[in-house]
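Have a look at the structure below before the remarks.
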Amino acid sequence: MKLRGYTVPRTPEGRSSLVPYPPWHYIGAFLVIDYWADPGRTVAFLPDGIDPHPDPGRCAFVAADWQSCSEGGDELVDPSRSQYKEVFVVCSGLLDGEEVTVCSYIWVDRDFALTRGWIQGFPKKLGSIWITRSFGLGGPADPGMAPGARFGATCAAYERRVAQATVTLEHPSRGGPFHNAPPIVNVRHFPRLEAGRHDAPAVHELVRAVSRDRAVSEVWEGSATLELFGAPHEEIDALAPVRIGRGYRFSFAYTVDDLETVRELGA
Amino acid sequence: MKLRGYTVPRTPEGRSSLVPYPPWHYIGAFLVIDYWADPGRTVAFLPDGIDPHPDPGRCAFVAADWQSCSEGGDELVDPSRSQYKEVFVVCSGLLDGEEVTVCSYIWVDRDFALTRGWIQGFPKKLGSIWITRSFGLGGPADPGMAPGARFGATCAAYERRVAQATVTLEHPSRGGPFHNAPPIVNVRHFPRLEAGRHDAPAVHELVRAVSRDRAVSEVWEGSATLELFGAPHEEIDALAPVRIGRGYRFSFAYTVDDLETVRELGA
Amino acid sequence: MKLRGYTVPRTPEGRSSLVPYPPWHYIGAFLVIDYWADPGRTVAFLPDGIDPHPDPGRCAFVAADWQSCSEGGDELVDPSRSQYKEVFVVCSGLLDGEEVTVCSYIWVDRDFALTRGWIQGFPKKLGSIWITRSFGLGGPADPGMAPGARFGATCAAYERRVAQATVTLEHPSRGGPFHNAPPIVNVRHFPRLEAGRHDAPAVHELVRAVSRDRAVSEVWEGSATLELFGAPHEEIDALAPVRIGRGYRFSFAYTVDDLETVRELGA
Amino acid sequence: MKLRGYTVPRTPEGRSSLVPYPPWHYIGAFLVIDYWADPGRTVAFLPDGIDPHPDPGRCAFVAADWQSCSEGGDELVDPSRSQYKEVFVVCSGLLDGEEVTVCSYIWVDRDFALTRGWIQGFPKKLGSIWITRSFGLGGPADPGMAPGARFGATCAAYERRVAQATVTLEHPSRGGPFHNAPPIVNVRHFPRLEAGRHDAPAVHELVRAVSRDRAVSEVWEGSATLELFGAPHEEIDALAPVRIGRGYRFSFAYTVDDLETVRELGA
């Protein structure tokens, strides 16, 4: 096979792939909100192989402001190839009795991150995402990590705002966030386009994220607001909050090499 | 299987898929340039299963300003879901002795079109694409379809211009464009992320595009210019022109329902 | 004065100006909707010097898909410098007893068009605008200019949809659109930043648009829908329709050399 | 005067202005490179009223990743209204014998920041800007503030890369950066569009930036690279480096209330 590269476009030299070979190293600033959606609607988002969680409707909203690179880190000094933002919702469930989360909806603002997400089973669409930043210097434009500091996140897709959230910090957290803490289980899916087989995906498997070298900053927590809006082509309003828990702010880093296939889901 | 939709995100109601089920109906305004790249470098871009074309280095550059929809056409009145632009290069080759073209490089500016392209084997990345338009009304800002009318196309990706082209119309064309006329054969490819199997793609197959209801406007032709630029993460300069043929301007419509798998390419 | 150019950045060679010297030549595809907003709220948008129109609340919504250039037309073959889309609302009024329109709100998607608009008194903000296109070839993705053809326009700004409209064509129009037909009168405004004089703008004058070489295609008309949405930082909902007239589709071209100052508005 | 707001669009309630009234509070992460351009070409960029600097060709390149707000700070939790990035070059000169800098070229990626810049005399165009970030947590994707940490910045405008720079940190700086330290003097300029008076700008004045509540983090310095590229519509290559000094990384905050008019520049 003479064409090279981990993803398309595969080329003679193999340096054009939209996503380079793993490992992929990540670091990001996070805004997380523990919340509960309507239990019945939440269960309906769980893929085959995932059972309902005993805490009905348990979800988390996550907004992340990322920087990432492959081995060697060359993308870091050409930062349009390393930075992206994303907003997602995870629903809680059980895999063979173990607590897991499932990423049901996710928007991201760069193509390499969209594709790298598909490869890991994250059902990414493109969106436009903004997240308040802290600079550690103080003053009226820098919320900082301190009581009363306010952070916001918004996500728009196809010219509509689909999510908006705020977190107002109160104090360092003891153990949170909780709702997105269990391992993520995703559905890797790639369609088939043969005549008569449009409902027999070429790839359809439950996978479990694996990572290493996880690091986290001090976590602050506080009160939160969250709104999720629907559209003719979006069902995220089905996961809108019926009760909102605490909001959190922190930084987080990790590395991904590969993942585990849990089971084939079939057609 | 309770989650529905042709692509992720797959949801209870199935109306959130980034790409809806086919058929997909397309119409677009095209700028095409017949040209020749370095023969050796062009051959190196042909995938397994495709033999070199007897006219060495034969390529075409295409810039297309598209509007598309699925059955029912609802996307047409929410046009951020139906419009996109793309720039691509096809290299000529032979499949079992029959003339075909292979799409070696392609940029597109919308997520639904990127993903719909991947499903059809187009190795799409996101780019920013601009193409001169004709409005049929005349005046200094409307090139029109007339002798001397000038059209340009540019493509940028990751903050660099990667392609720029111009066509200056002379007269209606007798039969062109020629280099992109044979059927397109693509490589559908979706990576695997299991440990130790990163070079064993989950999907890797040669596919042949199938379409129906093709319509084309009158085609005009004229002189052309074309430049393709490289970058550390782009090899499109390997397909830069060594000789430029004629340029063409026209509109084109078609419908895609599915495709034919020609052969499995394996790991 | 050694620095040259019509606008900043002014440079030694004068070829860097965001907006080059006039004349500016324009051509565009238009979607226009004649409508009426709440009369009292509409009058509140009229600047000093403009009296209420005898038809209370008379407004027009306009979505335009433009291509423009300066003398010589070099921007046309580098089309990121010539194409843009905009959405705006004009309110009707009287200037010394003569019917005029005032552009109260306008979004545009490119910097050169934003600045060129400010120079002409259009109160432009950046937005993301999409407008259904017609290609003249037919088929399911091409609405065409024919009975039943549906066109849509959307505008988003700061991550929210602020306007959406549709027009369904019925037949060629006899004389429409009407509400945006009178000449446009704008307020040219440029703020002052001296201490204590923030409310004494450096430029504040009523100006009247002047143009030449106007051309228009056949106009089609039909039924229309229109929604205008507010936000903490947008008051366009104050001009939302209470009654919707007819919608129109056509192409239009003109040239602008300069404008007339009607009167100084002062602090 | 019944319409309200600091800038257009001016409206009945005055909450729609693209730029709200000052004060404006800023905080940002900076990458600065002290360098020298060709002396003759640099002098040609100085506006009337500014004499050449005794250190010929002295310039600075600045890339800034900003968050800003007006009084009250509401934009901070709707962060698309508070965040932007910009890249600029300042040339050194003398104003009445005192060292100053002049901003000769600047790109920014948001409309409110473009307009707020024009009001202060910054000759802003829109661009697409990326700047490596530090997260303070460490790991392969976080350069950190440490010896060997690499930062990059790129700027593209109209589909071309116009600037790229890198800084590799070595140690905390003793006093730098130096080339952008003197006060900025800008030219506030707003064109006239009356017939025959296109070269008699409505506003044309030398202004001096005033600020308060300046704060700066620890500054690190190291080696730097810098490239500035031209285009038919860009002269930034005239300010390309002939010698590169040190590069710097730090955070900076300040507040702007107004500015001082130094002199009228006339037609």
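Letters A, B, C and D mark the chains in the order given here, with residues in each chain numbered from 1 onward.
Keep this in mind: a contact is a pair of C-beta atoms (placed from the backbone, for glycine too) under 8 Å apart; a residue touches a chain by one contact, two chains touch by 3 or more.
The structure presented is a predicted model; accordingly, all values stated were derived computationally and were not measured.
Peer 1: From subunit A, how many touching-chain steps at minimum until you land on subunit D?
Peer 2: Contact-graph shortest path, subunit A to subunit D, evaluates to 1.
Peer 1: Starting at subunit B, how many touching-chain steps does it take at least to reach subunit C?
Peer 2: Between subunit B and subunit C, the shortest chain-hopping route counts 1.
Peer 1: If I list every residue number at the interface of subunit C and subunit D, are over half of them used by both copies, so same, or under half, so different?
Peer 2: same
Peer 1: Given that subunit A is a copy of subunit B, what angle of rotation, in degrees and a multiple of 5, matches their CA positions?
Peer 2: In degrees, rounded to 5: 180.
Peer 1: Centroid of subunit C to centroid of subunit D, CA atoms only: how many Å?
Peer 2: For subunit C versus subunit D, the centre distance works out to 30 Å.
Peer 1: Mind checking the centre-to-centre distance between subunit B and subunit D? Centres are C-alpha means, answer in whole Å.
Peer 2: Centre-to-centre distance between subunit B and subunit D: 39 Å.
Peer 1: Name the residues of subunit D that each touch 2 or more other chains.
Peer 2: 78, 80, 128, 130, 154, 159
Peer 1: Hey, which residues of subunit A end up touching subunit C in the complex?
Peer 2: 128, 130, 154-156, 159-161
Peer 1: Under the touch definition given earlier, write down the residues of subunit A that touch subunit D in their complex.
Peer 2: 25-29, 67-69, 71, 73, 76-80, 82-83, 128, 130-133, 135-143, 150-154, 164, 166, 213, 215-217, 251-253, 255
Peer 1: Note which residues of subunit C are touching subunit D in the complex, please.
Peer 2: 1-3, 6-13, 15-16, 18-19, 21-22, 41, 44-45, 47-48, 74, 78, 80-81, 104-106, 110-111, 114, 118-120, 123-126, 158-159, 187-191, 193-196, 198, 202-203, 207, 232-236, 238, 257-261, 265-267
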